[in-house]
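What follows are several structures.
Paired with chain B in one complex and with chain C in the other, chain A is shared by the two complexes that follow.
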Partner chain A sequence: MSRQSNRTTDSKKMNSELFTLTYGALVTQLCKDYENDEEVNKQLDKMGYNIGVRLIEDFLARSSIGRCQDFRETADVIAKVAFKMYLGITPSVTNWSPAGDEFSLILESNPLVDFVELPDNHSTLIYSNLLCGVLRGALEMVQMAVDVKFVQDTLRGDNVTEIRMKFIKRIEENLPAGDE
Partner chain B sequence: MTVHNLYIFDRNGNCLYYNEWNRKKQAGISKDEEYKLMYGMLFSIRSFVSKMSPLDMKEGFLSFQTSRYRLHYYETPSGLKFVMNTDLSVSNARETLQHIYSNLYVELIVKNPVCSSTPSLDSELFSSRLDAFIRALPYYSPRAA
Partner chain C sequence: MADDALFEFLHMEIVSHIYKEQQSGKGEMDNKDRAVCVSVLEGMGFRVGQGLIERLTRDSPSFKDELDIMKFICKDFWTKVFRRQVDNLRTNHQGTYVLQDNKFSMLTQLSSGKQYLDQAPKYLAFSCGVVRGALSNLGMESVVTAEVSVMPSCKFQVVIQKL
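What follows is the complex of A and B.
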């Protein structure tokens, strides 16, 4: 697929600091607009979800990756292809649950938090919660319902940033009602 | 050599887009009826071929042909379905359908914040670009039809 590889290489370079600062401005504004951190977390997740449901199409078109055979393959694609493509980092996939339906993405560095320090009065703010929404939205569009949440965050004093993903179910495709 | 028509369905079976180029005979039913029949048939073929497949298959159903036309099918993992009918001289339109998805649909519909993709695409830019793309295909040639 020469055409697709051309497209990937000529994709525009974007200044990562500008991106980081823009995201910071967004979160700051949300903190002003909403009363408490829980509400901000919820809004970030919602915004991420809306990004995810569209971003998946861009991802599929650019990566020309087919359907994954199992959740392990999905985890690999998310870490090695998706995070690489959109954030320039490759998180490691670890801590599989025995049933193989739950894993952690460990982010050694998180470009979203490059210049960030959480003030004391925002101790429950999940600053990068947008990422959870993006993952949830994108996977929902490929028939996978997942639960995504931050369990560790360097912003809150942990050593690494850890996103926990749990597979809930496959969303089955059904014939639209009334069609025989 | 020619292209007859093109359907784009979303994952729920709504027809997002339809256009026809060299279609000389109509089905004699309403367009809505036709979309439903088309989607229903694709849905059944798809589930049938996957049940009949001796091995797990990745791509699944790609195309079928009759004595008069060939139907080319491309489905994205997100459930969008691109269906193009051509005459028999077009042996493989997979690249064409992939191009429509990644260079037209994603660029002009998905990345357009004011363009929501339900229930039908309402983008003149998309329609005109797609029309131009189809007309520029090497196998698009109405006179030879």
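What follows is the complex of A and C.
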């Protein structure tokens, strides 16, 4: 009954499918609950943010990455360590702005969109918008305010999926009043 | 391939979101609100369970009987979805099954013991739906409920609906 071969690959793939299918169920539910795509995009971003602020701790605990020296290093860590660890893909980091405060992540494949097609009446839906929120929330916890958005999306007909990340400012560490 | 932790974070956030949305505007949640939340989560789980079982049993031969299916759920399906096998399967041989998982993956992060016991049902609704969806695609309509007395141990009760 149980297949012996490729047990590990199967198990990892199944978990990927569990995540992908659950994400799909979430987006479907949000589309039902909210009137328009804009609202759904916002909710996905908000939920992503909530996940990101917790995910960063998991990430730091498991990757033993130290503090990044600059935004370039941050970009590399995000692409080569974080994306690899959580989604099993390694996007490429490109299109740096001259000031070094903006870059793009190019994803050849996106596990969130396996088996997914956007129906015509949802052309402005940013299906994977959760990712933007996750990145934003996670970086905020390490004192970086960033702006994250999708500029290309394979679901909407583009060749690749491109996420643009812009460094806004360093967040001062605010200790709660009364703390030493 | 997506990491396990990602699913857990996503699941927790989904539960949190559904309850927050239902509560918005009102002070306290009443039982009707809670029932709506559980029902939404269970419905989401149902679709996921249907999809998962389809992928998992694509190449498998067909099952001999009901018990065969339940054993598959307890071993292969549980391993793939909840990363361990069911510890104990009991049945009255009349369509009711009790699946006991002593370290249920959705509960291990919550507590071990009685703390947060009242919160546990929120985190079980989705999983009940997953099991019900899987069984549905295997041709068995059922009612799946879960009960917890000491975390993270959990008992799922499956009652097969005879048509």
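Of note:
By definition in this document, the second predicted complex is superposed on the first by the 159 of 180 C-alpha atoms of A that agree within 3 Å, B and C clash if a C-alpha of one lies under 4 Å from a C-alpha of the other, contacts with A are read in each partner's own complex, and residues count from 1 in each chain.
We adopt the following convention: a contact is a pair of C-beta atoms (placed from the backbone, for glycine too) under 8 Å apart; a residue touches a chain by one contact, two chains touch by 3 or more.
Every value quoted in this text rests on a predicted model; they were computed, and no experiment measured them.
Legend: residue contacts after superposition of the two complexes on their common chain; A:Q143 is shown touching chain B, with no touch to chain C. In the superposition on chain A, contact of A:R54 is made with both chain B and chain C.
In the superposed model, A:Q69 makes contact with chain B only, not with chain C.
Applying the stated contact rule after C-alpha superposition, one finds that A:K80 touches neither chain B nor chain C. Residue contacts after overlaying the shared chain place A:E173 against chain B, while chain C stays out of touching range. Touched residues of chain A, counted separately for chain B and chain C, are more numerous for C.
When both complexes are overlaid on chain A, the residue A:E17 reaches chain C alone and has no touch with chain B. Residue overlap on chain A between its contacts with chain B in one complex and with chain C in the other: 3, 54, 58.
Those residues of chain B that touch chain A in the complex are listed here as 11-14, 36, 39-40, 43, 56, 58-59, 76-80, 98-99, 101-103, 105-106, 110-111. Contact residues on chain A toward chain B in their complex (touch as defined above): 3-4, 7, 54, 56-58, 60-62, 64-67, 69, 141-143, 173, 175-176, 179-180.
Residue ranges of chain C in contact with chain A, taken from their complex: 1-7, 9-11, 13-14, 16-17, 21, 40, 44-45, 47-48, 51-52, 55-56, 59-60, 71-72, 75-76, 79-81, 83, 126. Listed in rising order, the residues of chain A touching chain C in the complex are 1-3, 10-26, 28-29, 33, 43, 47, 50-51, 54-55, 58, 85-88, 111, 115, 130.
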